Amino acid sequence: MLSVTRDPLSVEALTAQVEASVRHRGDGCGAVASFLGLVRATHQGRVVKYLEYEAFDALALQVFSQIQAEVEERWPGAALGIVHRVGRLAVGEASIVIVAATAHRAEAFQVCRYAIERVKQIAPVWKHEFFGDGEAWVEGAVADPADEAARMRALEIACA
Amino acid sequence: MLSVTRDPLSVEALTAQVEASVRHRGDGCGAVASFLGLVRATHQGRVVKYLEYEAFDALALQVFSQIQAEVEERWPGAALGIVHRVGRLAVGEASIVIVAATAHRAEAFQVCRYAIERVKQIAPVWKHEFFGDGEAWVEGAVADPADEAARMRALEIACA
Amino acid sequence: MRVTVRFFARLRELAGAETVSIEVTAPATVSTVWQAVTQAAPDLVPFERAISCAINAEFSRMSHPVSEGDDVAFLPPVSGG
Amino acid sequence: MRVTVRFFARLRELAGAETVSIEVTAPATVSTVWQAVTQAAPDLVPFERAISCAINAEFSRMSHPVSEGDDVAFLPPVSGG
């Protein structure tokens, strides 16, 4: 349920896996919240031709596992899947799919939001944008998985 | 993008429709949040055999349109799809799929959460639970689409 | 005048029918229709304070007038999602 | 001792290589390795305060000791999701 892939993402397939993992656990699974990050047609007014994502695969998998463990500690019984795509992506294609399954809906939304915030903070993945008129690497957060302040910010956003 | 169906739901298919509807609008579509309500294996300690959902189809479609209009007013540029399944559903099957697409992720989560809260408040759909040892109709909210206090509660939950 | 009355979920089970055709005296409101159907099916009475209603597949109020041929629906508290 | 250094994204482009094998004198830390690579590729220097690093695919600190044969990675600010 955690992976980095060059293939197109399927929210349906990940949902089936995540749901099956909790169907008969605790209160069962009544709610699935999912998130897809998609390649937008424009960025800050520039026309996007395509994107390229690059990851440090082995480390990304560890980060996804850490996020999963953080989720299990904060939301016992929740299940989480994260798949990040790398390589060249066209406009409209998904770069990430996150699926969170819980007994009830409030927690599903929280887990899903928490996971995407954490991915953006600490997953070793990079976005390279190619425009009609140039290209640019996107650089966001300095990844530090031990930064508790960042983790608390993600929790606050998720549980607001 | 709004319907009541007897067929199994596909989050993938609805996502494709919703995403396509906003890909070239405004800032485009960078975020999709979706929600699935699933049949849980147990309910209040009782083993669920299956559920039956019933809807007032014509009115449900109107309610979905109203929710869509409320979303467009509060989150201009957002796209929303809602499909509710009716008939007999087995454990693990989805009763509802909601897909919200926006330029950025905070709004996608808000729109998706708002929509499911509104569906639970006002959509003319009923759940009939069949257990190993009996059955029960579930009765939640008295549907009143003009109740502004209920709408504000849904907004607060979505935008907390 | 005749109106069609439509029941859903537990109301349908208690009424013993999905739709019934009833006669009410004009001028009538949704409330008049409800009184008439509960007369025939007293098991529905406890729902009085918890129903929603619709005329011709539009949400309505109990005080709304009904016309000949209208389709009046009574909805128990909802539980979709 | 020899270590392998791995660069990602813009660092990779500026370093002109995905991996390089370099010689550092023991005892060495990740910081020692960074000093050595920026000597060879001064374009990397501006990243100094914004990099993360990993040893053998585990996040690390710049002060962490490195050993013969280690795989040391430097990561620019991330932008996944």
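Labels A, B, C and D are assigned to the chains in the order they are written; within every chain, residues are numbered from 1.
Keep this in mind: a residue touches a chain if its C-beta (ideal position, glycine included) is under 8 Å from a C-beta of that chain, and two chains touch if they have at least 3 such contacts.
Being a predicted model, the structure only gives us computed values, none of them experimental.
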Next item on the list: Kindly list the shared contact partners of subunit A and subunit D, in label order.
Entry: none
Check: How far is the middle of subunit B from the middle of subunit D, if each middle is the mean of its Cα atoms, in Å?
Finding: 48
Margin query: How many angstrom lie between the centres of subunit B and subunit C, each centre taken as the mean Cα position?
Written below: 26
Next item on the list: Take the average of all CA coordinates in subunit C, do the same for subunit D, and state the distance between these two points in whole angstrom.
Entry: 74
Note to self: Which positions in subunit B are in touch with at least two other chains?
What the structure shows: 37, 116
Next item on the list: All pairs of touching chains, please: list them by chain label.
Entry: A-B, A-D, B-C
Checklist line | Footprint of subunit C on subunit B - complex, ascending | finding: 37, 53-56, 58-60, 62, 84, 95-96, 116, 119-128, 137-146
Margin query: Which residues of subunit A touch subunit B once you look at their complex with the stated criterion?
Written below: 10-12, 15, 19-20, 23-24, 27-42, 91-92, 94, 101, 103, 105, 108-109, 112-113, 116, 160
Check: Which part of subunit D faces subunit A closely enough to touch in the complex?
Finding: 6, 8-10, 13, 50-52, 54, 57-59, 73, 75-81
